[in-house]
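There are structures below to look over.
Look for subunit A in each of the two complexes below; its partner is subunit B in the first and subunit C in the second.
== the complex of A and B ==
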């Protein structure tokens, strides 16, 4: 990751924050948007649109690709007054969430980026990681301990 | 005789009004919400997503409610809905080795890195009806530590020894897509796996079972079953880099099958593969059995069971197609039947006349 301007995040960070925004609860993005003051001037380049993305698997997990089935997804593109374009691509059919994801994607590319990274993206990523860890701990509790059986004989 | 059929509009309207009333059930009982179905009938939702070939929990739950719990009808609704949406493109193939696991078991190796993880399974339950199940359960135990970040696929470990075939790499060709091109033969493995992934669970279960009972036996072992969450990454053309759209639940099954070897390949184990949306272990296992059976010709085995017959399996595994053709029989066939009736009458008259003529000749 390289940066020639300490005031902004680098393009390399963009897939990361877009992924975090896509996985975030819509309500969390709505709350965060309400907290953006003053709200920037922006307009829609592409209104929120629901569609499909084909999901692929691979034979044997790592062989020939095949089409598994589609998933719903929603996309939206916005432009800020300074010309910055933001894109939102999120699973599901929540148009408002795609719009908010696009708005934050635009803001994150500008001078507000580092601040938003700390105040929005980092906590959202931490929440997602915590949920993942919680599920993983439940799974780990169902691990079969064969050694215990052998010792008890 | 051509009979113009009109009418019945009022009867149809009234039938649908009654259907809506039946769907709702006793109005003194609270109505089911789609959220309740998505949360509490999760495996029904998963089946509708898998066979509807559309991953969207809310839509599947809505479809199940509208279909009064008739899952094939719900799958039909979902398939119809998807035709109304544009396709943005194709995601990158999911990486199941990086799956955030809820369950992972192997019937071939006891000691696998990361261990045998049972997950939320029906296995080892006593199948006794639990009349107290309405009560909220206490939270399931949590281990102090999560699972290791990396849990390699079991068969990848075996592949290192050369005892098992490595899946042929991508052919480089375009991936076949049943939703764009009608089914055609010969069908490559990509097309077969797509058809099986959206195929009817009951049909594939019976076919998989038939291979175990000797109709194209493949001596299978469940090499690995894993259930969990994977990221779906998509490259929007306007961005040119991959972004995660979100995470989806998948069930993957790899069957390991004995193979005596051929002129082309040494004796080794071969593989059958199953992958489905959601939690669908029975379906994934059946799919893996049938996938392997369908490779008979490729591996130089004699095709002697229905499960090994590509055309038979792929032409009949789709339950929306099957139900369409079977159920169309109940629609008015008055004219067709009238002509058959005329034909049978004529044949009977001819047969009677022939018989009479023969008797006359014999006398």
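== the complex of A and C ==
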């Protein structure tokens, strides 16, 4: 894996932006890619391929891990002309989305990283957070509190 | 995409499932008919030098995360490529490897590789040797299973004591290592059953 000694974005930020890219809508990535002009030279190291990953869960978040089930995932790896390698891992079978996620992962490691972080990753993360809040608000409205009745003897 | 890319990593098979089957079939042919030259690695993007297309195609076909790989020093530049595409862990030394890719000049004595046991002769190493030249009709005379009468082979650059090493390897049958000789896109199998005379 090629790492770029970038002053602003560090490898420690990478899981964050890869996660945001993985959860972003494909259309948003496509639009953003159209806005990257001129597109850098790149080639596929590993063409998008679909597979299964085992999802593990823990009861209550802290019990014994158990295999919840398998989910489809698509991965892709690209290389830019400067040698930077980008990986994209996304849920589902959208090959193009995996390719775009890999391309943005590669770009984010380079000098364009800080700019993209502000123009692409931050809005996408905000969108995802808003959607999450909306869902939990809708769920909270229908919440039933099971109060423990203290039974007297 | 005319830009040049750094050599350390390169694309693997364009169609991994199909290309790996074709390469596997080629490896089977090569091992069942020692001395027969087969071509493979068609459609594979050029691997990082000095790894040749046949050696790369074999590696991409045969290696996975269960097969520790040892590379001879000259082939270390291809380590990242093989790790990326195959996920194979690096072996600490030739003795710990299930597969080894070596150049002919750096071929260690065959006795250092895992030879399996009498109960499990399949627990041996398979060594892919990238030789300087490979053609039929040379000084090596092959005979044994899979060869009607005798086959002749020229493999350039093998160590001077190769014949003695091979005889020793043949002598500990059913233990022993199998060789896959490659040069460019060509492959020739040399299983442990084959007798090689000079």
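Assume the second predicted complex is superposed on the first by the 131 of 153 C-alpha atoms of A that agree within 3 Å, B and C clash if a C-alpha of one lies under 4 Å from a C-alpha of the other, contacts with A are read in each partner's own complex, and residues count from 1 in each chain.
Operating definition for what follows: a residue touches a chain if its C-beta (ideal position, glycine included) is under 8 Å from a C-beta of that chain, and two chains touch if they have at least 3 such contacts.
Here the structure is a predicted model, which means the values were calculated and not measured.
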Return fit or clash for subunit B versus subunit C, each positioned on subunit A through the superposition.
fit
Which partner, once the models are overlaid, touches more of subunit A's residues, subunit C or subunit B?
B
Touch test for A:42: subunit B only (first), subunit C only (second), both, or neither?
second
According to the stated criteria, A:93 is in contact with first (subunit B), second (subunit C), both, or neither; which is it?
first
Considering the aligned complexes, could you tell me the closest Cα pair distance between subunit B and subunit C in angstrom?
7
Residues of subunit A that lie at the interface with subunit B and also at the interface with subunit C
49, 77
Subunit A-touching residues of subunit B, taken from the complex the two chains share:
49-50, 52-56, 58-59, 82, 85-94, 96-97, 100-103, 110-111, 115-121, 140-147, 153, 155-156, 166-171, 175-179, 189-191, 193-194, 197-198, 229, 231-232, 234, 236, 238-239, 241-248, 250, 252, 254, 271, 273, 275-277, 291
Residues of subunit A touching subunit C in their complex?
2, 41-47, 49, 77, 79, 81-83, 85
Spell out the residues on subunit A that touch subunit B in their complex, using ranges where they run on.
14-15, 18-19, 22-23, 49-73, 75, 77, 87, 89-93, 132-146
Can you list the subunit C residues touching subunit A in their complex?
1-6, 8-12, 14, 16, 84-85
